Amino acid sequence: MSQPPIPFFQDIVRQAIAEDLTFGDITTSALFPEPHQARASIVARHPMVVAGLAVAREVFLTVDPSLTVRCPIRDGQSVRGSTTVLVAAGDGRSLLMAERVALNFLQRLSGIATLTREFCLAVKGFPTRILDTRKTTPGLRVLEKWAVRLGGGHNHRITLADGLLIKDNHLALIRAEGDTLRDACLRARSAGPHGIRIIVETQTLADVKQAVDGKADVILLDNMSPSHVRMAVELIKDKALIEVSGGITLTNARDMAQAGAKFLSIGALTHSAPAADLSMDLVSAGRQRGSRHI
Amino acid sequence: MSQPPIPFFQDIVRQAIAEDLTFGDITTSALFPEPHQARASIVARHPMVVAGLAVAREVFLTVDPSLTVRCPIRDGQSVRGSTTVLVAAGDGRSLLMAERVALNFLQRLSGIATLTREFCLAVKGFPTRILDTRKTTPGLRVLEKWAVRLGGGHNHRITLADGLLIKDNHLALIRAEGDTLRDACLRARSAGPHGIRIIVETQTLADVKQAVDGKADVILLDNMSPSHVRMAVELIKDKALIEVSGGITLTNARDMAQAGAKFLSIGALTHSAPAADLSMDLVSAGRQRGSRHI
Amino acid sequence: MSQPPIPFFQDIVRQAIAEDLTFGDITTSALFPEPHQARASIVARHPMVVAGLAVAREVFLTVDPSLTVRCPIRDGQSVRGSTTVLVAAGDGRSLLMAERVALNFLQRLSGIATLTREFCLAVKGFPTRILDTRKTTPGLRVLEKWAVRLGGGHNHRITLADGLLIKDNHLALIRAEGDTLRDACLRARSAGPHGIRIIVETQTLADVKQAVDGKADVILLDNMSPSHVRMAVELIKDKALIEVSGGITLTNARDMAQAGAKFLSIGALTHSAPAADLSMDLVSAGRQRGSRHI
Amino acid sequence: MSQPPIPFFQDIVRQAIAEDLTFGDITTSALFPEPHQARASIVARHPMVVAGLAVAREVFLTVDPSLTVRCPIRDGQSVRGSTTVLVAAGDGRSLLMAERVALNFLQRLSGIATLTREFCLAVKGFPTRILDTRKTTPGLRVLEKWAVRLGGGHNHRITLADGLLIKDNHLALIRAEGDTLRDACLRARSAGPHGIRIIVETQTLADVKQAVDGKADVILLDNMSPSHVRMAVELIKDKALIEVSGGITLTNARDMAQAGAKFLSIGALTHSAPAADLSMDLVSAGRQRGSRHI
Amino acid sequence: MSQPPIPFFQDIVRQAIAEDLTFGDITTSALFPEPHQARASIVARHPMVVAGLAVAREVFLTVDPSLTVRCPIRDGQSVRGSTTVLVAAGDGRSLLMAERVALNFLQRLSGIATLTREFCLAVKGFPTRILDTRKTTPGLRVLEKWAVRLGGGHNHRITLADGLLIKDNHLALIRAEGDTLRDACLRARSAGPHGIRIIVETQTLADVKQAVDGKADVILLDNMSPSHVRMAVELIKDKALIEVSGGITLTNARDMAQAGAKFLSIGALTHSAPAADLSMDLVSAGRQRGSRHI
Amino acid sequence: MSQPPIPFFQDIVRQAIAEDLTFGDITTSALFPEPHQARASIVARHPMVVAGLAVAREVFLTVDPSLTVRCPIRDGQSVRGSTTVLVAAGDGRSLLMAERVALNFLQRLSGIATLTREFCLAVKGFPTRILDTRKTTPGLRVLEKWAVRLGGGHNHRITLADGLLIKDNHLALIRAEGDTLRDACLRARSAGPHGIRIIVETQTLADVKQAVDGKADVILLDNMSPSHVRMAVELIKDKALIEVSGGITLTNARDMAQAGAKFLSIGALTHSAPAADLSMDLVSAGRQRGSRHI
């Protein structure tokens, strides 16, 4: 199972468990004073790209390190409905306590990966990449961006320190200082850190022209129609890479790709992907095995 | 502006800012070596119930305590499109650094409040409450449940320690131990903590009968059709409160209310509400005011 | 050994160790530059209900994961004086470093469990439960409430979010707003969350009558004498459960039970239980085994 | 009001509030949807040395920074019963939410200060200091040691890094290595850090003789009777300072002082001081003042 | 005073204070039971570029928010010896408690800024930038990189997520997989995130040739002599930017600039800058002002 | 491998990793989508006292618990140049991610240990101890003081709570209150905690005389020449221990020892030790072993 590529995602898991379990699980404690061996299966209820198994596994093991967890499916794999994606076994009380938190991660991350995959399929055949944005859920950015990659997308900036992107609100101030979009690009080039490309957001073809003059590395065409995108592409030629954003849907994504967009950046991947539907089924493994609970 | 009813929501704000700004904002630093006074307006782009202004305000003040923030709108208020909901003023660099995190909170919480309001309207005229569930975004539970209340809904359990709810997976183990749903209710009554009602999930009318025998305080009818709900209601009479969950949509909610459901608990309120659309407009306040930045 | 029913009690252990050991143990370091294999026994010095072994074990293993720890006694068990309750073995330097913190937890939690057991014995034969309160030591609430359960008691509210209890200071404001105790009960019923019982504190029989009218689920009789309790019981009959608090001692607890109290809630369980007396005896295990210290 | 002499005692306050209020106060929220101006008085119910006002004040201000708090009494002051020690004013909902946590700190810290004062009075007239030990409540050490000072006592070691104290369990290993108590003192002297006195625990007069030979700075007489203490004092003369510990009570403390103990170290100060009794009275300040709550 | 460009540098300050003051300052407490108004001046003892005043100010205000702090000098300014750079006033006890931590930050950060300035002067007249590396002190990276900028340098990567730099150890694995440096560049280009330049480390001219073929954006010449650098520059022409690292000293930096290096990256800036010498002078402000200490 | 003598040094390791890896390593992820077994050797590039292996090991295991790490050298051992001090094996991607952080700890701590050893050698033959100061790097105090011990030095105060040291700035206030250095010693003796020696800083022989009269345990001679030290030594005789600080270099340390200094305390040990030079060499272990990465 591939890990989320960050060393401390366990902290996010602990925090999510704390929200649910800080003061214990009174139902489980009241019903089951003694251990009860059981097996839990997490099942995808419809076709989806599964994402978050490594996180769900961590949830189970954080609640109870004596559980065993295995995943017949890999993060990033597409599955049909009714597929078992994770099996956990051990004290049923621990399985009951971990259930909701594990599912909450899986439903959100799989939802994102599934929507990303749909966008990738929409532009299939074109050399166009699907990118996420910083419109992520507070606290979950690194996991959501991992889900985008599992779905086949690529990541745009993770933080405000790893990319130099001049947006409309920067330009509002730049212009109030008497400078132009082109000047902004040059300012950024001279003062920006080492090894970073300059990306600039444009609203009009005039903006695009200035961005080319300012030697931007990437020109972002914001909220343009496919035909405007096509005009901008002709203007830019190979002087910069072309990114399109704003109002991109599963319906118009292919048109944008056809118009020449090298990158489509889509906020909805992370802010509006509907939750994937997964559930947990618990079966008793009998009590005869002995109840060697710690 | 009503506060989120928890003392430490600032910790969630700090964490969200850390995701974006831990290593600074290289674009803003490169473009603006000096302060530039400005005013930012956050605008709702379509009709919505606004939720999260108290949080967005905290984002701005955490990034820069010298900013001033005021909100012409109250959390929980319904607005039309193109309504300004928050105005922040001060060093434009701080406004640029806070923008995305503030919007990320508002778009998510307002999305939840707006969907909740729609469900409340769907059951208008009936004494039926709209409830959330524990299917919340990891890390944001208390804020999301606050948004549900702002939308007119009520909260179900916050953590596993504040309600005693016997679900299908508990019953799977109970039955494997040779006991019945009714026994589970009695076990819970005798071992559970002080001052908690017993809620039990039922799938069939036979379950419902056992729940009544077990003197459950609330009987949850899971995934039943309105006509099944009606039969259950007749069976239960006033021996318990009636909650319905599973597959409730804006289309069938009214039928459930009509069938006699006192509570509708709906996971989609928090796991699948689409983001509300809000954006930030920045205007320069001129540099003549002097640039008394710290 | 039964675990404290919270996933993160280790954080409390780490914090306690940090208070003592953040900057190391200069005595042990100065005396023993090399490992010295040893065995430590923690001994109860008088009859008590032992509580906190799972926590003490965590202290030893946090200080040094290579120690081995076993407990001949279970948390919640009554022991005579001079009983060994925990044995730890390994590098004697680690045992010396862990000693005080492990004992500090055991002496406090066992003190609470022991006092709780005494109250339980005082009401033996009556269907009366001994409850704790929120008068706990800052930072140790979940552990202290666990100790109460180990002693045979039951838990009242853990936090202010898991029970709806209207107290004298709430009523002071309610009355200033022109409403009555009965009105307070009704307000709470209509605005309170799902699945929570209403508990109301009463000082007089007039209060009790209003509480019955307000359909409170539990009526708390505060600081009443056994004879007053008896009158209240007659008034309430089976319209509500009856809880008694205020000035309950080992001497009068049985009278209260006899008078009809279903629950006795007692702050002293957690705020004034004297420490149980336990100590640690260390013996060298010789150095011949080799000193394979990490 | 004198501050606890540590910069981060607020962290302990926040943690205590988190235990009680992490998920809000459902009673107050249900009863009072709007602010209600009020005034709270915290009253000592019996004679005591008050300790913890600075902490209680921090509790109120952390729950709601808009409250005003003043203290007619100083930390460390002795008061009669029925004395108001702290007055807080503002939104009554905030006062209700802060009440229990503020009282929990005050009852514990005042209990410790009061017991310490009693021991100080017991040895009045002798040049004998009352010392605490490391037998403190996990998580509260610095506050409890502050309470001891407020009661007139002095502090022994705070952590294992700020004093070199050779105890019985160290000696068990030293002897197993073939060395004597005297050797232990010399080892400690040569390897210990700069600027630390050597204290050594002794059980017999033979031990005392070795400690003198080892040039210990302080000799601790453990669990000796006053007459044994007297013999040890004669043996030691002015070659070391004399500390007595083990089984010291309000009854025998004066005898120990008379026998020549310079220091009495007493675990019960912090592990078994009964809680002081303080309570909070709330009165409405009327609603006519307007309800300008944030 | 320009702020460190990160929102949470206060956390680093708190941690540094915790190292020194967690258990209070026993000297100051023993000597001064009452407040004593005083004024402290921090003085640069030799010529230096001052860096860290914003941090030192935070130290004083965290120890005691009632202190007043002003800085006659700005961070990044060059000063002669014997220059007062910060003045703090208030309770002298707080000034004594903050002294060492404030100086520890200033001496380190000013040391870095001063050394950076010397390198900048060494390449004056050439369009060559002085860059830092990731060879920073654990825990202080963002502050040390801020000090480099204050000294006139530029920042290389802050974290492993904001730059794509292929180093010798990456190439060791790449080659073991049967690929070349050129292949590594192409792999990085196709799989790397959006908006990042490819930097590749080279040891030989053959490497340089492959880097050019792989269309690296920046070619890093590692441990080459100025004459080798010159040869590499001719080979690369304007097909990539040229960075030089390894063994750069104040003596040879100018030669490297002359040889055509656009960037010099120097680990010693952060790992071996000697501490700048600053000290604090305290003077009493008299006690007549009243000692209204909290 | 001897452990740093503090239980929570892992927290410092985690924080250092977080600075570098919070958002992943984009280079390694882009180049190596699959695991690649490898072996890394950390090599000392010049003669040094190695310090920090236990910390570097923790870095590797925190980044990837499945790595294996062994150290042919012990912390505190002197090595020649080109000595392998640590070998780590496992997934090469993890080795690449841990490299810089591991080296950053080793280069700093070994630098300190090496400089300390040089000072120890300078005073060889005299009964003089080399001491550190509190002039440490913020956040690294306990590790830096451990490195001093590994180099053969001794530790002065760790925090402001474990030693009573009266410095020039304390005396400035003492004198403003009309008291003398001698009075300060007496004040400290009567109010200071149990078991602490009084150290006092002196600038002149007059100061020294007062310190003797005040019965200081240790007299610190600040910034005195060897001949002044000699005069002070005669004055003090064996009435106190003698510590010298201020301007001590490898050149004059022996003179100070000869003049009679029992302790030399040297800030440069921790604030200005140049980084030791260590580097990591990575070799592929082939892919044929299978790539059973998690």
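Letters are used for the chains, namely A, B, C, D, E and F, taken in the order the chains are written, and counting of residues starts over at 1 for each.
Rule of thumb we're sticking to: a contact is a pair of C-beta atoms (placed from the backbone, for glycine too) under 8 Å apart; a residue touches a chain by one contact, two chains touch by 3 or more.
As the structure is a computational prediction, the values presented were derived from the model and not from experiment.
Contacts with chain B and chain F are shared by A, C, D, E.
Looking for a copy of the A-C interface in D-F, A-B or B-D, one arrives at B-D, which has over half of the same contact pairs by residue number. Between chain C and chain F, two chains of identical sequence, the interface residue sets overlap only in part, with shared numbers making up under half of the total.
With centres computed as the average of Cα coordinates, no chain lies farther from chain F than B.
Centre-to-centre, using mean CA coordinates, chain A is 43 Å away from chain F. With each centre defined as the average position of its C-alpha atoms, the distance from chain C to chain E rounds to 51 Å.
In whole angstrom, the spacing between the mean C-alpha positions of chain A and chain E is 33.
For chain E, the set of residues that touch two or more other chains comprises 21-25, 29, 97, 142, 158-159, 161-165, 193, 196.
Pairs of chains in mutual contact: A-B, A-C, A-E, A-F, B-C, B-D, B-E, C-D, C-F, D-E, D-F, E-F. Interface residues of chain D facing chain C in the complex, by the touch rule stated above, are 12-13, 15-16, 19-33, 36, 38, 40, 92, 95-97, 99-101, 103-105, 107-108, 111, 134-142, 159-167, 169-170, 172-177, 184, 187-188, 191-193, 196, 267-268, 271-272, 274-275, 280-284, 286-287.
Residues 14, 17-18, 21-25, 29, 62-63, 97, 294 of chain A are the ones touching chain C in the complex. Residues of chain B touching chain D in their complex: 1, 3, 5-8, 142, 158-159, 162. In the complex of the two chains, the chain F residues touching chain D come out as 129, 131, 154-159, 161-165, 193-197, 199, 217-218, 243, 263.
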